[in-house]
Structure formats: C-alpha cells, structure tokens
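Two complexes, one shared chain (subunit A), two partners (subunit B, subunit C).
Coming up: the complex of A and B.
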C-alpha cells in the first residue's frame, strides 16, 4: 500500500438493465476508519456494499482493497466479511458452528478453531451460548453472533448492512456504542450502511451521504451536520429550515441575499455573485426569538407566533412568516412562553451559523 | 341454534369419515375371515396371510414393486432437485412456460403417459419388463419433488448462501454445507411421496410392463378379475399398513427436521 487507504472506490457505476443504481461513486476509506454510507431507501447503499463484498459485479469503475483491484475476485476470495441485515445465521448450525464456518473453510485445525471461537464469543459477550441454535437466542444475541461470525475471520474490512435495523430503539442505541468501541479496540476498517442519520452521526468517523445512486457529500459527522454542501444533505441530516433566496450583494467579507422579501446578511462563501440563486439552511437549535428587530445587524426574519410544541428534550416554537411559510425554532423546555398566537416576533441567528448552499 | 349447527357439522364429519374408511375397514376385517366368500363372518383366521406368504408370485410382485419404487425415487430425486434449483436460480425469456411444462405431468391422465410410453417403446423395439415401468413413474413423481424442493427454496433466506460465500465457501461448499441441508426436509418428503406414488401406481405400470413382470397393483388387478378373494384382502391390508407407516414416518421426520 502506497497510501493508507484500505478501500478505494473509483468512479463506480452499477446498472440493473436501464436503471443506474449507483452512479459514479468515488470514496477512499482509510485503514481503521469507520465509514458510514447514509441515505434514504433505494439510494444504492446496499448495492455499493454488495459490490465491495463481491456479490454484485461492477458495471464500470474500480474497487481496490488493500492495494489490489478486486474486480476478478469471487466473494470467497476477498478479505472482507459482511454482517447481513437479516443476520443470515445458518439455522441448522449451532452458534459455535456458525462462527467456525469461515475458519473451517480456511482449513484451520480443530484446536485453533475452538480457541478462536472462544475468543470472539468472549469479545461479543456471549460466553456459554455456543451450543445453542440461532432460534434459541434473542434478536440482540443473534446480532452479536452475526458480528462474531464475521470478526473471527479477521477481515481487512468489515461490511455491515443496517445491522441494527431489527432491534428496538433502546437496544439499538446500546449496540451502537458497543460496536463503535469494538471497532476502535480492533482497529478494523468498518463500512457501515444505515438510513438512520442519528446512528450515522453517533458512530462514524466519516459519513458518505448518498442520494439516488450518487454521492452527495463525504465528510466527518460534524462537517456533514454543520456545513452541508447540498440542499439534500441539509434536509436529510437533522432538522432544518430551508429558504430559497437570491444574492443581492457579495464581497470578500460580507454578502447579502434577498430571502422571503427581506435583505438578509449571509455568510460570504466562495462563488457568490449578484443574482445567483442560493438556499439558506438554518438549524432550529441555532435560532432564537426576540421581541424587536436586533440592532446589531444580525440576520432576522419577522413573523407571527403560531404555537409551541413540547417534545420532551426541547420545545419547538413555530413562527409563520408573511409568505405563509413556517420556521421552526428549538428552545429549552425550561423557558415558559409568554407569547400568544398572532404576536409579532423576530427570529434571529448568527450569520455564520446559517449554511449557504449554491446547489 | 349454535349448538344445533355444531351437532350437524359433527354428524357430517362422522359421515365423511365413514365414507372414507369403512370400506377399507371391512376389507381389513374380512382378511381375517375363515371363509372363502366374503359375505358372512365364519371365525378368525391367519390362513390367508399364510397363503399369501407362501405364494411365490406375490413375493416376486412385491420385490418388483419395491425395485421399481426404489429406482423411481432415486431418479426423480436427482432430476427433481436439480431441476428445482435450476428453475429457481436462472431466469430467461419464456421461463414461465418451462416452469409450467415441468408441472404438467401432474394433471396429464396417467393412461396417456402409459400409452405414449408404450408407443415409444414399440417404435424403438425396447423389450418390456419392470425396467420399462420406471421412466413412466419418474414422469409421474418428479413434478412433486420439484414442487416440494422449489417451495422450500423460495421459502428460505437467500442471504444465507451469500453469507456462506462471504465466509469463504466456494459454490461447491455452499451447496453441500448450506443449501442442501436447508432443502433436505423437502427432498425427504419428496422421496417418501415418490416412493408411495410408485408403489401404488397401477395404470402406467399396467401399460408399460412386460409379460410375467407384475408389480403388486398389477398383480392384484389380475387376481381380482377372477373374483375378490380373502387373499387379496390380506394383501391389501398389508399394503395399507405399510403406506400408513411410511406416511407417519414422513410426518415424524418432518417435525424433527424442521426444528
């Protein structure tokens, strides 16, 4: 390996007949990295993963694993293992036999297999469950067996396709943390598929957001959440208020756009020019309400208070703008509201906290 | 009102069972009747069974039947299972009709299969014997094997095969260690079904067998032509008991294998 990229996905395309499921995706994944493919249902996450594993052929492009192009390798020749969404545990084998399967195929000695099976059972905290059949275990336990069965082979890359999808919320959150710790402990490269953005933000070193077969944005959790590059990413990750606008004035140090009929200061990013269409993305938790227009030149939009929705950890304040569009503001649930419907309010934010999207 | 509906349903069920089983029961009882004419009860005897076992023609018919059933079962298992896997795995234009062609023999009258085979044999000048019965039985039983294996294949999670490959198993190991064990219960059901169909089959056997080479049903038919004797009752009783035994065995295996 000349660089420390474990997996290189280069301009990969996958077509099923006329339909392109994956369109020109390129991602470099570093050794030891936790990379998540995130996107809505049908965007091509599983297909991408299956091409890495070798279950689907590549229509065009190249996949390189540990310095070797894998196009001609069968799944059983690749140094990667998969944790399937349905777990895919062999129902006619015990937990031990399931885990031993990969080592048996590699013709390890009986003693070595036994030792390795013990080791991974320990790793996933399932000591003593080796003799059971998969249908005698709970969903969460089967999940661990599936992970153990893949890990025991010491793959260079572990592929996980929505491995926590079938678990209840509480167990899922717990497993997210456990999996992340396991990955850090082993220093193994993980490629993880999910459509749950919170899960992706929690676990990943980097996230590749996919939409309709193409890569929308690749970056750390923080980059993806705080500086989304496209409208799709801004909208898909977390909650946001999106406003269409047009640049009125732009210079190196400040820029102004016309948004909802107001002249509003925006972050002066590269590539802005007068009359350019932009989208402003404003996170509810980065906005607040003031009774009068801020005098310090902070951006704000005037509207009428509509209602307050209490959702536990926050309360969502809904304000209707003159255009009829609503804007959502998150406030601490501690703040008792003294507003009544129809009151004039100003929704404010910091210039550099509102993302400016040009595509 | 509801109690009455229940009563009617209950009586009806009893009637259906009587209709199903009373003739068979009578036949079984008369196989122990110490009289040549099966109209009145003359006392209990094992004579007919003794006579049966000393009848060498019947002995060879039983042997013929078992031989035919054994080969039929083996051949239809191999053809039926491989066909099910192929039909399941590969898709091509017009596949729907190929699928249908495979199941058609189930509804084609056996007499047509028998006559058709006989025509082919005559044309190819094949000498008839018990070996010429086997192809006809294979035609009758294979669709059932294919159907059973196919439904099992459709029922199981295909990421299991992917998982095997992912863990380093090539196509051969994937088949022997994962696919085959998973479809095995259906293959076993197919085997028992093929065996019982073949043992009980009359029409095709009658048309395609050679002189002096009778299977049990063909033998019974030729014996009945001269009147139903208690000997035939005894023979039928044994056949029924064996069939019931095989079916019970199949049920038991299915139960244990599915878990």
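Coming up: the complex of A and C.
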C-alpha cells in the first residue's frame, strides 16, 4: 500500500435494469477508519456495501481493497466480513459452531479454532454462551454473536449493515459505544451502514451522506453537522430551519440577503454575488428569543409566539413568521417563558452560526 | 387457550370423521382379519389364530419383503439425487419457474395406471425406443426392456419423483438466502456452502420427501405388475394376490400388518432420533 487507504471506491455505479441504485460514488477509506454510509431508506447504502462484499457486481467503476482490485473475486475470496442486518446466524449451529465456521473453512486446526472462539466470545462478553443455539439468545446477544463470527476471521475490513437496527433504544446506545471501543481497540477498518443520523454522529470518524444513489457529502461528524454543503445534508442531519433567500449585497467581509422579506446579514462565503439564490440553515439550538429587535446588528426574524413543546432535555419554542412559516428554537427548560400565544418576539442568531448554502 | 383447542376440534370434525371412516376402520378390520381363520373358500371364520403370521414370516415372503425394502430404498435415493438438483434449480430461476412447477404437478392429475401404460408404449419390443434405435441403425433386433427389473425401477422413479420434488422445493424456497450469503462471506465456496448450510437447513424437506416416497413405494403393486410382468414381484403384489386371486384375506392382512408395523416403527425411530439431535 503506497497510501494508507484500505478501501478505494472509485466512481462506482450500480444499475438494476433501468434503475441506477448507486451513481458515481467515490470514497477512500483509510486503514483503521470508522466510516459510516448514512442516508434515507433506498438511497443505495446496502447496495454499496454488498458491492464491497462481492454480493453485487459493479456496473462500472472500481473497488480496490488493500491495493488490489476485487472485481474478479468471489465473496468467499475477499478478505472482508459482513455483519448482516438480520444477523443471518446459522440456526442449526450453536454459537461456537457459528463463530468457528469461518476458521473451519480456512482449515485451522481444532485447537486453534477453540482458542480463537474463546478469545472472541470473551471480546464480545459472551463467555459461557458457546453451547447455545441462536434461538436461545436475546436479540442483543445474537447481535454480539454475529459480530464475533465476523471478527474472528480478522478481516481487513468489517462491513456492518444496520447491525443495531433490531435493538431497543437503550441497548442500541450501549452497543454503539461498545462497538466503537471494539473498533478502536482492534484498529480494524469498519464500514458501517445506518439511516440513523445520531448513531452516525456518535460512532464515525467520517460520514458519507448518500441520497438517491449519489454521495452528497463526505466529512467528519463535526464537518457534516456544522458545515453541511447541501440542503439535503443540512436537513437530514440533525434538526434545522431552512429558509430560501436571495443575496442583496456581498463583499469580502460581510453579506446581506433578503430572507422572508427581511434584509438579514449572512456569513460572507465564497461565491456569493447579488441576486444569487441561497438557502439559510439555522439550527434550533443556536437561536434564541428576544423581546425586542437586537440593537447590535445581529440577524433576527420577527414573528408571533405559537407554543412551547417540552421534550425532556430541551423545550422547543415554535414561532410563526409573517409568511406563515414556522421556526423552531431550542431553549433550556429552565428558561420557563412567560409568553402567551400571539406575542411578538424576535428570533436571533449569530451571523456565522447560520449556514449559507448555494446549491 | 382451551377454547381455541375446542374450536379447532370443531372445525376439524368433518375431516376427523372422514379419517375415522376411511382410514381407521379399514385398518382395524385388517388387523382383526389377520388373526382369523380361512374356511378354504375365502370365507372368514372368526377364530383366533397366529397361523397367518407364521406363514407371512416364512422365508419366501421375507425375501420378497426385503427385496421390496431394498428397491424402495433405491428408488428413494435415486429420486432424491435427481429431485434435489431439480428442486434447487426451480427455486433459483425467475423465468419459467411456474411453468416448471406446473410440469411437476401435472402427473398428479393423471392416474398412475395411465401414465404407466405410456411407459409400456415406450419400452415394449416394438415400442417407441426400440423403433427409434432400429430406424437409426443402432440395433438389429429389439432390446428387451419391458418386463425387466430395470423397467420397474424406471417406472417407479418416474412415478415418485414429483412426491420428492414438491417437499424439497418448498423447503429450498423457504431457505433464507442471507444464510447462503453469510456462508460465502465467511469463506465457504459454493460446494461447501451447499453441504454445510443448504443441506442441513433443508433437512425437513429431505426427510419428508424420503418418507412420502419410500412408504408408498414399499406398498405399490400396479407399476411392478405392468412393467415387470410376472417375473419381478414386490410385496405389494403378494398382498394383492392374496386378497384377489388366492382369496386368502387372512394372509394378505397379516403381511400388511407386518409391513405397517415395520414402517411405523422405522418412522417413529427416525423422528425420535432427529428430534433428540435437536437439529431444527
């Protein structure tokens, strides 16, 4: 390996008949990286993963694993393993036999297999469960067995297709942390598929956001969340308020756009020019409410207070703008507001905290 | 819970009645007759005797019975070897799947007797196959095919293949493809995947197919009669002859009871064994 890329996905296309499920996706994945493919249902995440594993042929483009193009390799010849969404544990084999399967295929000695099975059972904290059948385990335990069965082969890349999808919220959160720790401990390259953006943000080194078969944005969790490059990413990751607008004036140091009928200062990013259409993305947690218009030139929008929704850690304040559009503001439940519906309020934010999207 | 059991029995009652009248009663009658005496003209004298069983266990009958078991076994294994790849093929293609399934089911709509006649037309000395071979110049005189053990085997395999294919197809079709992908993912070649995953997971279909081929094959008499002439008889022919020709119902009944016992015992033992292994 000249560079330290373990997997290179180069301009990969996958067509099913007329339908393109994956469109010109290119991603380089580093050795030891935790990369997540994130996107809504049907966007081509599983298809991409299956092409890496070898279960789907590539219509055009190339996939390179550890420096070798894998186009001609069958799944059983590739040095990658998959944790399937449904786990696909062999129901006629015990936990031990399931885990030993890969090593048996590689003709390891009996003693070595036993030792390795013990090791991974330990790793996934399932000591003593080896003799059970998959139908005698809980969902979470089966999930660990599926991970152990893949890990024991020590693959160059581990592929995980929504492995936590079937678990309840609490167990899922716990397993997210455990999986992440496991990955760091082993230094193994993980390619992880999920449609849960919170899960992606929690676990990933980098996230590839996919939409309708193409790659929307590739970046670290922080980049994806804080500086989304497209409207889709801004909308899909976390909660946000999106406003269409038009640039009125722009220079190196400041810019103004017309948004909801108001002239509002925006972040002066590259490529702005008067009359250009933009989208402003304002995160609820980066806004606040003031009774009167801020005097310090901070951007703000005036509207009428509608209601207050308590969701535990925060309360969501809904404000209706004159256009009828709602804007959502997160406030700490401590700041119990004494507003009543219909009150005039100003929704404010810092200029550089609102994303400006030009596409 | 209890109510639903009751309801189930109520709903089942017509079929339970049918089962009683047409299966249980005749079987009980056979068992009773097997312990009675023959008046020499085919009449039944209701006196208890074990004489029939003594004759039924004589070496001639035993030999034919063992031969029938051997043949049924051969037929079952051959049907499995032909039927499995075929069922596998049907469940893995997309086009023509229904057509092929239809072709498997069609024979069920035609009487086995009629279909066996078709084999006679094919196999006899001036039949289709001999005619063809002669016309092509491969042979001078006809090859004797009809009335040989080979003809019986071919006819029986043909007759029972659909019984084997259907349960196999059902269990192969049910097999979740993700298991096969998991095996391949873990480094198993297609052949290893087949023997380590596909076969064990379709075992219920294999067992069902073997039973519903083996058991009727053991008792059949029509096919050996028509294709085997008088030379090769199976135990089914013996029973039929005792009832219809020799007018010795007692002997036919006792042979039947013995076969039933053997079959039931082997089914029972087999199920017990496969249950104990907790394979499924």
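One rule holds in what follows: the second predicted complex is superposed on the first by the 359 of 359 C-alpha atoms of A that agree within 3 Å, B and C clash if a C-alpha of one lies under 4 Å from a C-alpha of the other, contacts with A are read in each partner's own complex, and residues count from 1 in each chain.
The rule is simple: a residue touches a chain if its C-beta (ideal position, glycine included) is under 8 Å from a C-beta of that chain, and two chains touch if they have at least 3 such contacts.
Not measured: the values here are computed from a predicted model.
*Asks:* Evaluate whether subunit B and subunit C can sit on subunit A together after superposition, giving fit or clash.
*Replies:* By the criteria stated at the top, subunit C and subunit B clash after superposition.
*Asks:* Contacts for A:108 in the overlay, against subunit B (first) and subunit C (second): which applies, first, second, both or neither?
*Replies:* A:108 contacts neither subunit B nor subunit C.
*Asks:* Regarding the shared-chain residue A:288, is it in contact with subunit B (first), subunit C (second), both, or neither?
*Replies:* Once the two structures are laid over each other on A, A:288 reaches no partner at all.
*Asks:* Please work out whether A:75 is in contact with subunit B alone, subunit C alone, both, or neither, and reply first, second, both or neither.
*Replies:* After superposition on chain A, A:75 lies in contact with both partners, subunit B and subunit C.
*Asks:* If you lay the two complexes on top of each other, which residues of subunit A touch subunit B in one and subunit C in the other?
*Replies:* 53, 55, 74-76, 80-82, 84, 86, 88-92, 101-102, 105-106, 149-150, 153
*Asks:* Which of the residues in subunit A come into contact with subunit B in the complex?
*Replies:* Residues of subunit A touching subunit B: 53-55, 74-76, 80-82, 84-86, 88-92, 101-102, 105-106, 149-150, 153.
*Asks:* In the complex of these two chains, what residues of subunit B are touching subunit A?
*Replies:* Going by the criterion above, the answer is residues 157, 159-160, 162-170, 173, 177-178, 181-182.
*Asks:* Which residues of subunit A touch subunit C once you look at their complex with the stated criterion?
*Replies:* So the residues of subunit A in touch with subunit C come to 53, 55, 74-76, 80-82, 84, 86, 88-92, 101-102, 105-106, 133, 149-150, 153.
*Asks:* For the complex, give me every residue of subunit C touching subunit A.
*Replies:* Contacts found on subunit C: 176, 178-179, 181-189, 192, 196-197, 200-201, 278-280.
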